[in-house]
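Next up, some structures in structure tokens.
The following pair of complexes shares a single chain, chain A, combined with chain B in the former and chain C in the latter.
Coming up: the complex of A and B.
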């Protein structure tokens, strides 16, 4: 890391608008594009404080400030556009969390980096609606919560809801949500509202180590600790009744369930395996980076391709996980309210990932290009009428924006009543 | 003579977990569980805290009730006398003979008692807890010898009685935690405060009323978590519900004497333990201290029961644990062993080691079930991932305690660094690092770090660049490695 005084560092940062800052080339060595980050007043203060602390004498290595991480990513080969920091960006391994970066797949130098995806691959959020209201749920809140936990099958006696043998796991890794569908745990229409329809097609279980599979096997259908959870939530405010209506949200006090989890130990192992393999290959392929944590490989190299296929398996694992939780949640509600999930209108509103890398088509300087987009702690948002928006949400373009709000709420722990606001704010370009 | 595909001996956590796995995997085969006690352990409300770390409730069920769980399960209350491996048979105390294809021994371990004095109690099972409870009602002073989980939990729970805790180490709870954590607990203990609000314990269900009156000679299975919660832990000194604990550090019991022996031997009570009354039992410590007490609890560990059932057949470790390989097979064909009675002999994964705890008993029980099933299909089972890293979660002095990997630097030959973060009375976080990698951790209190640290230990990521900042409370390390 370059060591300058705080004042000198600030020379490289330029405010472009009330919420937008540019990180100019030179802030870190070898930047190929600029960096940009979006903040509100509060976050702006935090980011600059982080930088100031890092400039104090004697502070080296360890946790780099977010702005530096964005800049280091801008120095990676093959990056196009800008290295983007989304609201509430903060320090992470390699890439900051909330850092989005896209690489030109047509450029043989372009790289893929596991740090840009995160360890908990396809950590994401799924929202399921109900036609219950707060009044219905309040009196039985504790039992309902307990019931969801009780329904989580673990180990012995859990009749095959979660794959328990190696063969089931292999199939789940390859098929993602299609596996859950085949086994009868999700509804066909659930896929419509899922990113990638709940399955990445380039998954190849042969690219995943035995240790990762061993780590993953006991974990399917479990929530994990920390910032992963299932929450029963209540609609607090509806800002856009039309858009909300399209998603089946039509009243304040309506009860929804939010599931936040990923691929856990499985994702961790896939990422760890890739980092180790890539570090070895970097010398061979003459790749230089500013930060060792940004270990990466040429996209078309064996290491790069293996990682992408393994990452897809982890992504599928997470979708199976979220699908299993969906099933359990539906069962729990059905049992509690002596109804069935269909009558309770428990449809999946959306399922988005915030730790993933995907191949996408975008216009760069007027020309269509195929890009590998890394999103860590960031989700995809579409402009209106984008073909990948589910058909029934086509007419509700505003509602698909700023899922960062959702990401921010993911730091609550355990099950609790929370209010979600469906509200379009800001613009996040994918 | 009845014939079963699978026979399991012992109704404790290992035996019950094994039986559940077998019944689940092989619904068309007959499974027999033989238990000496009327009560068997049932595991419920399993809560997976992290990939490997798991907490669960232990319920005691009458064995008849348990057998109703699976259609292919038969449960018999009896004691196994011996095994005839050539004919694949076992013989019981009631004169029955059973034929097995695969046999698993899960008959546990027995408390190591300081002496056979009638006032020295071991706490091992439902029945011994009952005895303890009865004696406690009349007691105004209790001596607890031992420094492990049971002693620790007991010291925390007893009220209305003076407790003298005799430990051979310099700090309390040394079996589990290091001196730093021991001090952390001691501070709380002595200031009379412990972590968190008193919890409503919904876990342990105790159905001692199901015990038949003549069951006094039968030995039950080991206690699981929360064994102490529902029992009356109030002693005779009811005017003070406060806890009054004094610790005798670095002391071992040299002699245990009855009242008569004490009166005849010329010893006197040490000054600090002077009392104007006679006690039922007296102990002399190796440092010369002499004191009397209403009774003594011997919580100094257990001895595996490897010698009890046809012990001569089995290769054992010196502590009488039956040796098993990574498929939990003993040296006798078609005979397996799991839980406290066994000693593992495979080369341990770098972050795992055996400790006689209920969490391991469960992991072993589940795995040996898989192994027995595989054996029936003439194949071997690879070791389950739970043996990749040591994990244990428990509660001491009201604090949640999570132990991960080589939490006390075990096997690292003192060549490691410790990173520590303490908030007195609230939280204790200790990590063991070597070559920049995390190898173990102790987490006391609600730290929310268990999954992150479990991943860091399993990933073996190089953390040297973070140095001490790794535990900087202003860094959200959980998020960072997400």
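Coming up: the complex of A and C.
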């Protein structure tokens, strides 16, 4: 590791635009491409303060500063384009959270890294609309929140109320939301609003350890702990009436439900297992990385493929989990308002994943390429399913940043558009 | 393609052109065939001045065939086609007539009106039956071959001449169908680009990399190149409109299909679904 003063470090950072910074090659050893990150003034201060603190003599341990992590990712074999840091970036395991990096599938040396996906594989946010307004919900707010709490167990080690056996789990891992659909937990339209239609096709339950399955089995339909939540929210402001209309949100005061959760202990175990296997693969294939947390394996190697298949299972688990919670939420609302979820218009508006690696086609320097895109704490922006940016993820202390800053920066650099603003009125959390 | 295969294509074109007996047309009948050629020249193509059309109108004359051949050749029909057989000549003539009719019905200044009519204008396009199959279903954007046929309709001779020029530059033998010529050009361009990439020395790296056994480079689909070219073409305002309309039609069609699928799934769900909950299993925290 190079030891430099804070001033020397800053030589490698160049401001490209009002919200855009470039990390030049050489900031960390072996950088294959440049890094880039998007921040506004407040977020910029935080980023640099973090770097300055890390440069003080005697600073060891803990996560590396976000800028360093972006640069270390830029040094991984097979990376293309740039290593991108999004506005709410903060340090995480190996990859910073809010880091996006793509690897060329055509390059035999290109790698896949579990750190680039995170431990909570396919953690994501789902938004369900209703045709209720704040006036309908406000008087029964507490009963409703209690009802959701009764349906969706929360906290570390919580167990769900959907009966599952080992065979059900195997099927769910392979089929993702198609399983939920077959069993009647979701509506056919729900799938359309999920990435990959709620199912990763390369999932292979045989690539998942028994331990992971054991951990996952009782947890389906539970929220978990940490920053995961189910929230009853009210539309506070509509910035883009057209886009909001497309999502079925037509008035201020409309009530929606947001669910943020992931693959629970299952995904965690899949990631842990993969990290162990990959450390060996790295020695065998002589892959060198700047940070031990960036354990990785060649995409085409056995370990790489096993991880991708296992990760797909975990992704499916997360979708089934969110789908089960959608079902339970619909039940809770239906009971409370003595109505049908259909009549309450409880459609899924979107389901976006922010911890996942996916194979995608992109143009790189004008040429079409097949890439493995790692997204950690970052989502894909795609036109019909418009992602909002929720308060996101807590891995390291002081990682919560002011959401308004984050959203405004995204809007300013054109990587997303503000559409609606939501305000929570009832929350369940672990 | 056999003659029986071609007959519907002939008939579709004749119907587009408003031929009175289009549904009875049989290309094997020499007299009918000659009458149609004469009718095309008289009513649609009008290439010769009126006084020179007599040799074509004398359908019983023994030297009619040679007159016909000269006629198409003088209209700059590629020689390979003009000499092949009567059916090819007829097909070429029909396509030419359709093109002329389209140009006549859609002079360039009408485009603004078309934009207002949007999708409607497209679906009533007289060329929608050009291949004998009516465009009842909107095209997938990635059905590139069809898309290029549309481009030809929109851009007409300009596109053809550009493709011809491109083919000449690349020394590609032109095919009568400009789409095929264009595809061939794409393949040649791809091959050239690949060759250049392989020849250019790889960028020097900080560390000398060990020689790795790279598997043979996967050739990317020529479609990718076509998509690139499409992005260039999209800068043309007329084309851009056409593409947008096609995209919207495609989306509408997909929506309909998806709704049908969803309905089917719902019916199946009635058989398979059995969502259960058991509150006794629930456990909050440890």
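Basically, the second predicted complex is superposed on the first by the 370 of 430 C-alpha atoms of A that agree within 3 Å, B and C clash if a C-alpha of one lies under 4 Å from a C-alpha of the other, contacts with A are read in each partner's own complex, and residues count from 1 in each chain.
Assume a contact is a pair of C-beta atoms (placed from the backbone, for glycine too) under 8 Å apart; a residue touches a chain by one contact, two chains touch by 3 or more.
Here the structure is a predicted model, which is why all the values come from computation and not from measurement.
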Touching partner for A:192 - first (chain B), second (chain C), both, neither: second
Partner chain in contact with A:92 - chain B first, chain C second, else both or neither: first
Contacts of A:183 with chain B and chain C, given as first, second, both or neither: second
Partner chain(s) touched by A:272 [first = chain B, second = chain C, both, neither]: first
Touching partner for A:214 - first (chain B), second (chain C), both, neither: first
First, second, both or neither for A:379, with chain B first and chain C second: neither
Contacts on chain A seen with chain B and repeated with chain C across the two complexes: 150, 154-157, 218
Chain C-facing residues of chain A, complex: 30, 106, 108-109, 150-151, 153-163, 181-185, 187-189, 192, 218, 327-328, 331, 366-368, 430
Complex contact set, residues of chain C against chain A: 206-207, 212-215, 217-218, 220, 224, 227-228, 258, 261-262, 265-266, 269, 272-279, 281-286
Contact set on chain B toward chain A in their complex: 17, 20-21, 24, 45-52, 54, 366, 369, 382, 384-386, 388, 448, 450-452, 454-455, 458-461, 465-467, 469, 472, 475-476, 478-482
Complex interface listing, chain A residues touching chain B: 61-63, 90-93, 97, 118-120, 123, 149-150, 152, 154-157, 214-215, 217-219, 222-227, 264-265, 268-269, 272, 292, 355, 377, 411, 413
